[in-house]
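First chain A sits with chain B, and in the next complex the same chain sits with chain C.
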Partner chain A sequence: MTTAPLKPSRGLRRSATRGGGYVNLLYLPALVLFAVFMIYPLISGIGLAFTNWNGYSEARSFVGFDNFARLFSDPVFATAVRNTFIFGIGCTIIQQVFGLGLAIALDKPLRGRSTVRAIVYLPVLVSPIIMGTMYYLLLQYNDGAFNDVVVAFGGERMAWLADSSMAIAIIVAVNSLQFMGISMIIYLAGLQSIPEMYYDAASLDGATTWQQFRYVTVPLLQPAFATSIVLNLIGGLKLFDVIKILTNGGPGYSTQSVSTLISTTYFDSQSAGYASAMGVALFAIIIVITIIMNKVLGSRKVEA
Partner chain B sequence: MSRLSKVLIGIGLAVVCFVQLLPFYVALTTSLKPKTDLSSQLALPGEIFFGNFASALDDGNILRAIVNSIIVTAVSTFFVCVLGALAAYPLARRGTWVNKVIMLVILSMIMVPPLSILVPLYTMLSKMGGVNTYWGIILVMIATHLSLSVFLYAAFLRTIPSSLEEAAKLDGANLLQTLFYIVFPLLKPVTATVIILTGIATWNEYALSSFILTKPDVQTIAPAIASFFSLQSSNLGAAAAAALLALAPVLIAYLFLQQYFMKGMVAGAEK
Partner chain C sequence: MKSIKAISAVALVATLTLAGCSSGANGGDAGGDVTIEFQTGFAVDDGEMTLMKELVSEFEASNQGVTIDLIAAGTDYESDMKVRLAAGTAPDIWNTHGWSLLRYSEFLLPLEDQPWADDVIDSLDETMRNDAGEIFALPTNIDISGLIYNADVLEAAGVDPYGIESWDDFDDAADAVNSDTVSPIYQGGKPLAGALADRVVSGTFDDDDLAEMLDGSFVTPAYEEMLDLVQDWGDSGYFNPDYSSASRDDMAKALAQGQAAFMYGPSLLFDNAWSFNPDANLGFMPIPTTTGAPRYLVGGERTAFGISNKTENPDEAKAFIAFLAENDTALAAASTSPPGLTTATMELGKLQPSFEKWMTEEEVPVLPYFDRVYLPNGSWESMQVTTDVVITGQGTPAQATEQMKSTYDSLRGQSE
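Let's turn to the complex of A and B:
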């Protein structure tokens, strides 16, 4: 952040900052809320992960690392982890390609470009539950529009969500289409912050359009890349709503993400202890990935 | 740019717009046709049928869900702004090591996936009697959205010189006077960002509210639509109508405040 343009004299500065620690009282309400509804659940979740609690009875006993050991041998959890990474990485790639492409196309003066931006961005504001419901209509077996198109081209009707690889691809596509508007505006803001004179200088030196893109645009978009990639990756790794509405993790357990698996393990299988262990694992995965990505993409802090 | 590439870009953009609008269009045609109408989803209805909207309103309790969402979103967003701005002030202005640690802890809260705290949070709330109550979901929404707000306010405050506050202090203003008359009025632009990000996020929240709100009289729209949808798998017209009704408030807001939405989202992401 920039420093204050007006440097107060030393005496003034001291009166402002030494004015008393009671200013810190202002963050107490926020801290109490965090402590009760975030930090306590995080810590007690770690505690529960070492028990065999079923979620409602008084009885629970300490089982050590059993739940964590079970994570490593549980094929359902392995599928959920694999899917979680497919959702995270797949959505991130698609959203960068479309987000950057759209931003470049819509950065130039173009008739109707603000309308196009508004349309691309519109689904960002819609609940994934509603978006999923609407896509579910399109994917219907008997009268879904997708199957109408397939039949019109001489193909056979498909049960789109009954095949697990197809269902995973559809979940990735639906989530990417819904949120590529975020990447688009991040890249648009990035493009608009590049001064025109850099391009003028490059073309004076004889750089082609591609060379200008490669050696001017890409390096100067670095902060936008970092922001957009980390944001999309965390969003994809947390994916929950759209899976719940489109497949509810099925067929079988084949499209579960770690998030959806936690909810079924807790509420349907009544294994609260095991579900807590999955919660700890999910949090750990996201922290590790975020730290790695921030290292790789430059030491920029990125928030949701 | 050559004429050909302009045409190609135009076609590409038209396809993207078509794909983005298709689900909305199909939801509209499906909702306006009776179940007996077997025409393609892509075809407009022959005559407009409102029965699906009636059943969404009667059986799906969608109006109630919209009212619930308005209550939960308005109250949560208000407190996220007020508590966020209050907390950010000392964190931005007093860089003691304690405050730096507290800031770091608050920032790391942004990364917590809601499902990773589901089990203990739900257990605690049900012990407190907060399941299926407004106050239960509102407290959870405030706590899970407050960290981004603190972060945005603190980042914004660091760009404002503290000289105004010092002048107010010399004039004899106490801390609360300084905050309410000097500091808070300066925070209007970032407050717009916080309201938009928090408002949209709480309006659409599902991961935690679907477990905390299971009774129709307190359910907000996302869990209400999801439970209505799972009951209506044979009557998709009604599900489509419910989805459109729940969408309406967001669409109206977007229509009037489009520029604020996009700017707010960029400001939120870039910080």
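Let's turn to the complex of A and C:
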């Protein structure tokens, strides 16, 4: 049987058109603010990347693509790019694993699950600066709680942030633990949108719990995966606050991300033009990764 | 629909990543009655800030109609000032903290015609006056420092600080004091690794090297020699185990409580240390050289106040600066530093013996901070990080020196 598509009546269409115009007016102020505080700085920032401005002086000269050429021969920038990928990918993986695991566990009708959900989500509400400071105090060599525990078990005090690999691992862990609540919420919403009848049907067909998860839950969670992964990836690639507080990019330059290096280069090294070129490069990196991730994750989308 | 989504995604990502890379240009000071905005650069609880509040009240009482808007510094004073200069919203008066000439002079009024200008001490001429003899700020004090030490710690280990004349002597002293509870050199990597380099480096450059640096050629061997010394200290276990996480406060506390024998940093560390332990027996000594030149102290502009060349009230601002010059003895004493004017009297309290020993008796030369004269403006960060690289073993002195040379070349190119 075929059915002709329903056409809206003329009156309904007129109403929709008028409604659309009204809606346009409503978002106009937001659009203006967005243009003033986001688009203008963006364009201005790109313009700066072609100058040798020091960040405060009135003097500046056009230097063409010199700043971009310098990026390719700068070992510090290469280190920052490598770290940025570690932060982005590392945080994303940990947040997906913990976020999804917690979402599945807390989707079940357990006593006190609302309280546990709130506890997992609460760190998201804390400023990363404050969270970083709390961990910094815990990780201090003298008077730090971690070292107190180590000493209590007969060990020797450690300089936790003195080794670059350890410091990078700590930064990834701190950021992931703080923001896994966001992934949990996204996956919880996704799980609750999957109709129960699919699981009933799968049970009748003899599917095990693992098979139900693999062939029902995972495919129908694709939109949640896409949202959570892209958000976490962008957050990880832009990581700034926790690094500034815990290591300030050190020892040496070994834990710099591109974001922290931009800040250091702009304000401390007084090379605003070069810092802007780094910003453009980071922008390009995130754009490319976001588009690829959207393509990959979007192609697997399954309608429930 | 897809294209709208794509454009939205691009715009979002773009703005989130680049929003911090722009400059604005809105200007204009608040108009109206005569109000002078005075950015002090002091923390709220600084001794200098407390005194400044009293002086401002006194000035306002004798200058009806003039209000001095006294502002304490935030945690990132230098970056805040750069943003205000870029935005064209500089305060009427601000603390130039060592950079009145190299960084801020294009934004400041020349003040050599002021009544106090001829009284500025001679040793500041090199870093505060330009070739035309112009000076852009009133120095209320000067920062003179050397190798800071805890005399009680040295005495307990049988070390005479006055007997340390070479780096070999220093190594012997460090070996003598090194123990589980005392670090020969206590340094905070994040705040003051660069302070160590900035003080030691003048002793590895001879006059020819310095002339080359001024001409635009980075002298790699001399800089690397300084970092070799630093690496040797690290290899010998002289640095504190919490070097990577130690803050400026940690340094002051360690100095005050006898956990540190030596450290490198600004004279402000003395005040901080005495706030933890007023009875700490502290002093400073000149820094040895490797070139055969005599030992030296380093010094230069510390607290200095300049007037914006965009101020709408230059006469009132100059009158206030002149009033501060008249009170320089008190301002310098509040910072436990020598005054910046010859007309003021030195009241250094517990630091007086060190000053008398080295400045009066021995007449040790006071060299300017290396980075303010021989490195281009903006090199400090690189000096800080490259020293940290060597101390933490992330790189060799040769690699760190190469990085420093790269910074020197690019910043000189940027300023030309």
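We adopt the following convention: the second predicted complex is superposed on the first by the 265 of 304 C-alpha atoms of A that agree within 3 Å, B and C clash if a C-alpha of one lies under 4 Å from a C-alpha of the other, contacts with A are read in each partner's own complex, and residues count from 1 in each chain.
By definition in this document, a contact is a pair of C-beta atoms (placed from the backbone, for glycine too) under 8 Å apart; a residue touches a chain by one contact, two chains touch by 3 or more.
For clarity, every value in this text was computed on a predicted model and none was experimentally measured.
Of the two partners chain B and chain C, more chain A residues are in touch with B. In the superposed model, A:S164 makes contact with chain C only, not with chain B. Look at A:G45: by the touch rule set out above, it reaches both chain B and chain C. Using the contact criterion defined above for the overlaid structures, shared-chain residue A:Y199 touches neither chain B nor chain C, since it reaches no partner. Legend: residue contacts after superposition of the two complexes on their common chain; A:I286 is shown touching both chain B and chain C. Of the two partner chains placed by the overlay, only chain C lies in contact with A:S254; chain B stays clear of it.
In the superposed model, A:F37 lies in contact with both chain B and chain C.
In the overlay built on the shared chain, the residue A:Y141 is in contact with chain C alone; chain B does not reach it. When the two complexes are overlaid on their common chain A, residue A:V124 makes contact with chain B while staying clear of chain C. By the document's definition of touching, neither partner reaches A:F213: not chain B, not chain C. Taken together, the two complexes place residues 34, 37-42, 44-45, 48, 55, 136, 140, 234, 238, 259, 262-263, 266-267, 272, 275-276, 279-280, 282-283, 286-287, 290 of chain A in contact with chain B and also with chain C. On the chain A side of its complex with chain C, the touching residues are 34, 37-42, 44-46, 48-49, 52-58, 70, 75-76, 136, 139-142, 157, 159-162, 164, 234, 238, 247-254, 259, 262-264, 266-276, 279-280, 282-283, 286-287, 290-291, 294. Chain C meets chain A in the complex at residues 6, 9-11, 13-23, 76, 78-79, 81-83, 85-86, 103, 106, 189-190, 241-246, 250, 377-382, 385-386, 388-389, 392, 394-395, 403, 407, 410-411, 413-415. Residue ranges of chain B in contact with chain A, taken from their complex: 1, 9, 12-13, 16-17, 19-24, 26-27, 30, 38, 40-42, 83-84, 86-87, 89-91, 93-94, 98-99, 102, 105-107, 109-124, 139-140, 142-144, 146-148, 150-151, 155, 158-163, 165-166, 169-170, 175, 200, 203-204, 206-207, 210-211, 221-223, 225-226, 229, 236, 239-240, 242-243, 246-247, 250, 254, 258, 261-262, 265-266, 268-271.
Residues 1-2, 4-6, 8, 12-13, 15-17, 19, 21-24, 26-27, 29-31, 33-34, 36-42, 44-45, 48, 55, 98, 101-102, 105-106, 108, 110, 116-131, 133-138, 140, 143-145, 148, 177, 182, 185-186, 188-189, 223, 227-228, 231, 234, 237-238, 240-241, 244-245, 258-259, 262-263, 266-267, 272, 275-276, 279-280, 282-283, 286-287, 290, 301-304 of chain A are the ones that touch chain B when the two sit in their complex.
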